[in-house]
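Chain IDs A, B, C and D follow the sequence of writing; residue 1 opens each chain.
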Amino acid sequence: MSDNIKFVQGNEACVEGALYAGLDFFAGYPITPSTEIAELLSIRLPQKGGKFVQMEDEIASVCAIIGASLTGNKVMTATSGPGFSLMQEALGYAVMTEIPCVIVNVQRGGPSTGLPTSVSQGDVNQARWGTHGDHAIIALTASNHQDVFRMTVDAFNLCETYRTPVILLFDEVVGHMRERLIVPAQDEIPLVIRLRTSVKEGVDYHPYLPREDGRLPMSDFGGVHRYNVTGLFHDMWGFPSSNPDIVKGLTRHLTDKIENNCNEITRYKKYFMEDAECVLIAYGSPARSALHVAEYLRNRNEKIGLLELQTLWPFPSEMVREECAGANYIVVVELNLGQIVHAVKMAVDHPEKVFLANRIDGLFITPDDIRNIMRLIQGKGV
Amino acid sequence: MSDNIKFVQGNEACVEGALYAGLDFFAGYPITPSTEIAELLSIRLPQKGGKFVQMEDEIASVCAIIGASLTGNKVMTATSGPGFSLMQEALGYAVMTEIPCVIVNVQRGGPSTGLPTSVSQGDVNQARWGTHGDHAIIALTASNHQDVFRMTVDAFNLCETYRTPVILLFDEVVGHMRERLIVPAQDEIPLVIRLRTSVKEGVDYHPYLPREDGRLPMSDFGGVHRYNVTGLFHDMWGFPSSNPDIVKGLTRHLTDKIENNCNEITRYKKYFMEDAECVLIAYGSPARSALHVAEYLRNRNEKIGLLELQTLWPFPSEMVREECAGANYIVVVELNLGQIVHAVKMAVDHPEKVFLANRIDGLFITPDDIRNIMRLIQGKGV
Amino acid sequence: MSDNIKFVQGNEACVEGALYAGLDFFAGYPITPSTEIAELLSIRLPQKGGKFVQMEDEIASVCAIIGASLTGNKVMTATSGPGFSLMQEALGYAVMTEIPCVIVNVQRGGPSTGLPTSVSQGDVNQARWGTHGDHAIIALTASNHQDVFRMTVDAFNLCETYRTPVILLFDEVVGHMRERLIVPAQDEIPLVIRLRTSVKEGVDYHPYLPREDGRLPMSDFGGVHRYNVTGLFHDMWGFPSSNPDIVKGLTRHLTDKIENNCNEITRYKKYFMEDAECVLIAYGSPARSALHVAEYLRNRNEKIGLLELQTLWPFPSEMVREECAGANYIVVVELNLGQIVHAVKMAVDHPEKVFLANRIDGLFITPDDIRNIMRLIQGKGV
Amino acid sequence: MSDNIKFVQGNEACVEGALYAGLDFFAGYPITPSTEIAELLSIRLPQKGGKFVQMEDEIASVCAIIGASLTGNKVMTATSGPGFSLMQEALGYAVMTEIPCVIVNVQRGGPSTGLPTSVSQGDVNQARWGTHGDHAIIALTASNHQDVFRMTVDAFNLCETYRTPVILLFDEVVGHMRERLIVPAQDEIPLVIRLRTSVKEGVDYHPYLPREDGRLPMSDFGGVHRYNVTGLFHDMWGFPSSNPDIVKGLTRHLTDKIENNCNEITRYKKYFMEDAECVLIAYGSPARSALHVAEYLRNRNEKIGLLELQTLWPFPSEMVREECAGANYIVVVELNLGQIVHAVKMAVDHPEKVFLANRIDGLFITPDDIRNIMRLIQGKGV
């Protein structure tokens, strides 16, 4: 087997992606089912000259990567639901201060301690709304290891492009399942290099003064420029301000830089959508079962298609509305009580055509489960 | 002035309500704009034999009240956005273990440190989705001090009835504004006494075995019964279980006990709704401006009405749909980028008739602001 | 306990009803889950002067009751699926010769030997179409013992009124469950006495010459009149004929006497139907669960109603269409792969609003099963 | 005349088809109008080394062929309505045990003894629903002798492919009419060889453990493997089970193997359908008259087409819906009170456009009959 072909867990695919993207610094506190990410990076990251730190808890972990990013590193942490809840306050700090970082949440069953070793997708809406105050967020996911790798690289690229935390929202099945990963050649996927300021030492650097294209060049904190970073609303110097125009401007800026670039941020796959009268919408591991259903029923000449979402937030409303325009049934497949299904209902023209196929018992949703729910929706009983 | 008529801040009205409801134990860490709640209780609560503890942070605070509740006390903590984010993990523990408690969030501007002394309603969706994993939650709010008092008492009653955390989601204007409060006579508002088990000492007590009516009797932890409490999915003995039927059953139970009792939990006020063709929907301090607009335009014979929501979660979808059935315009007034407006769109038959009137600059939304936005919506320009 | 209040199995309620209706002759071959009917009648029927015969098989049994009916007796047999299949040929003979008889099928799981001790409703369409050739049939069912009693009496009345076999299509749960039965006073339910000819001995009796009202008076075979009875198409003397007008006339007569009296033959109950937006349609034991669901959801202010069918064939299409005119969802509850659901779809104006809630695994369908399927239909997931 | 060109009755065409397909064993009891099938096979079958047995009745006949099939033979029986009713119980046994066999029903007038020498199509719904319990069935028919031959060969192929009884539902006109038959060369029509297990002697053979493609390999009963065959619900070893998952699984399997392969099983012919605004749907002998009508009216430039169904069950709903999408009138031609017409109404988008053209008097329906009925449907009066 060629060196670049690996048979790995999804968590390892994420590690490979992070290393490929240039990860410099990882701080984390191990938690099932994300532990292998920390475990592998504790070996791999020092080998390439990066820093691995096991912190005392998840709050410390996310604070450490925020600091490390500000000083010029590509950073990541990884956790699961309970740790992700603990990270919410500092995650808001990274949003407000516009510090690039990648936060992986390999979802297990929740709420609370929940089901550490079982799969769920219960943190999808938390990823959107978990920290206080109006904000926007980027969250990506994937259903197979090639895509886990790719979305990890993309997460690093997007966090630099938009200066924002990016959440990788995997699930236990993807994290722990083993399958083939082909690591791309080093230049195959373009990497976004951090945009650093061209302002010279000794000249005033305005950390929150955008360039003409809206992007904010960074200066490694502790380096040649002195500037202020605060979680308070702030002006272009980074100093606190409660001036209503500045408050409104910053609120809109933090949201617009993401929502207005929804098309650029949206990653998805489509299968058999050209004439689909029944559209499955899935993401993460359930998309594997959904694809199986779509292939199976297409072989039986049913006009079924699949939209696999890889960008969950910002939610690609327009794309979903357009793709579903001709559908009679839209079946959202999730491992939760129905979270993305609400966003789908908001997006489409006929919310009454949107149904939910889900499991909430810690078990994976199988193609049979989906087909059985489709039977019920179509009035055919069990 | 009679003893029971007070001229107070909203935060003080909340304190009065908590004492009226029988608060035994408060643990908190002061944060603007909620600080007066802790401050006042540090004096008042010991006077009536209760316990006040200032903790080292918000995580400790919420954990302390959860423990105190389990041992038999009526408990509360109070905070604002950043502290509320820190509380998310333990809040999920209280959801999972079904421990009654009241958490006050007097909202300020956010995200992150944000605008400590200014008003916003940016934590509404966080209250719903802030902790990881599928769950349901109760969140109440109010726009005046009489209602702050009442909602506080109701929060204690609901947390006992449904064995769940209840969030009081006030805002800085309500918290700091002073107006009259008439404290009701002690028996005027019925109080829900904690349902304790009738199981005798020495007999097996099943902490999660519901009575016929679905309620779970409690036994003071550390008292006559020995039992297990865990944030893991658990069976009727409280012991961890990953049995899929038990996992599904508990997930549904935690949600259904709240969602299925939506009508019982819903508190709202309506003004001029009988023939309203334009419906304002507001909550918290903006409802004061909205009421002013409604009264003003009714005097000019416009068919305008106001729904003031006091229960935000579970969202009263049915009530809103029915009340808005005859409306041509539905204008949701919020001090955020639009949060409840999504729930309103999901609830009504014609989401295209729902509009948002808001401010996001830390200033209060005035009647003029709302009327100006209404002109624009109605095509009348500025 | 008063003598007329009994705590019995459904099979015993059927026996009580048959005795009340004046059963004279029972021939049968025991088969689970109908055995108690034969067992009890072997004791009770001789006590009142009737005849009980255990035959060598089900073909002999149905032939015996046909002969006994023709000679002037009220007759019944009882069986389950496999025996019912064996009876199909002779059942057609009774249809063609217009001989009143009651055939009880206490349904178990099928096809073939199937699941002798478990419940199903798999023989509903067989009851309609099991014998060869165009024909109509009457089939009644019930969900509780009071109704089992009543439907049994009605079966005897209808078989005499329309000179046709009547099928009592119970199910294992109804047959074996025990609950209270209040046996009515002897004159409380009117009994239909066999219509006997007024033609005197020595005068020509035309066995298939209808009276003005369409009814055919009978003459006890072997009595004072000599006449022919044949399974061939026949004229008014009972003699074979292949005259196309006679063939067409008899075919239409056998169908019209039942289909045109559909309203008179239809028995059903309705619950909460006045403003129902969701209509459950059920029959037999699942109607018990459906009623539970309807009561439960009505208490939660959902506009749900229940149509409990007691006459399955002729299918009451008009009644169902009228009752369902205002429904958004029609959920047919059955213990099979969907049989009556087809008749419902044919009856209503919007077949796309008809869904199936069913079980096919030998277990009873619970209120929870129905509510869970309703959740899926309504797009709410599990 | 070449040896392979014959001038025969339809019953003889059926015999030729069965011999071509490799019939090894026939057991039957003669009944009009199917008798010629038994008569001819009593001569022809022994000549090629097969076995012909006249049994004491139809129950014995169907049981004999089931046993013979299980021991490794291609088998058939032939009967008419009354015999077909008697066969219903054992037919269900063949369904449940998945034993390949072909049952011919040459329909005469019914119900009961009916009209032995006249034509009807009264057993169509009985073929679908005649045995008790949920099940699926395959039933084929034909309108001319070339197709009778072909459908007979297909019946043998389908019964082996799907391990299920296949019903050949001919009618008296087709059975007794004489016309040309060209017997195909021996390799012209592919024959499905029974799929036998590759499990060696001494190794466990699981009679109901499907291969990856869903098919169940057979082992000649009484041969090298010992295994159980029962009409009870059973597991992969063939042993009885009332485990709900096994019961549900087997029920769905028995149905799905047929319903899900509807497209593969569907045989039909279409004439002038490309732009048909009036669609005739017919099967069996009436399709001859319908074709005459279609040709006649096409010559008069009326946009009429004909769908001749050869597979009646599983009903080809999708094909019918698609073919009839552009029709203003759909006229189903049947020799009964309307049986396939219900399936057509269920299939199409506009059931109100479906009409019935039929006779029920034992006479054949002529082109004139159909055209007269069409005039009435189109409002042109008689």
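By our rule, contacts are C-beta pairs under 8 Å (C-beta built on N, C-alpha and C of every residue); 3 or more make two chains touch, one makes a residue touch a chain.
Given the structure is predicted, the values throughout are model-derived calculations rather than measurements.
Think of each touching pair as a link: the shortest run of links from subunit B to subunit D has 2 of them.
In this assembly, the chain whose C-alpha centre lies farthest from subunit C is A.
Centre-to-centre separation between subunit B and subunit C, using Cα means, comes to 56 Å.
Averaged Cα coordinates give subunit A a centre that lies 60 Å from the centre of subunit C. Between subunit A and subunit B the centroid-to-centroid distance comes to 30 Å (mean Cα coordinates, whole Å). For subunit C, residues that reach two or more other chains under the stated contact definition are 337, 359-360, 382.
An unclassified topology is adopted by the chain contact network, corresponding to no line, ring, star or complete arrangement. Every pair of chains that touch is listed here: A-B, A-C, A-D, B-C, C-D. Those residues of subunit D that touch subunit A in the shared complex are 248, 260, 263, 318. Of all residues in subunit D, only 59, 81-82, 84-86, 88-89, 92-93, 95-97, 107, 109-118, 120, 122-123, 125-126, 128-135, 230-233, 242, 244-245, 247-248, 251-252, 254-255, 336-337, 339, 342, 345-346, 351, 359-363 touch subunit C in the complex they form. Here subunit C touches subunit B in the complex through residues 300-301, 382, going by the rule given at the top. Across the complex, subunit A is touched by residues 334, 337-338, 341, 352, 354-360, 373, 376-377, 379-382 of subunit C.
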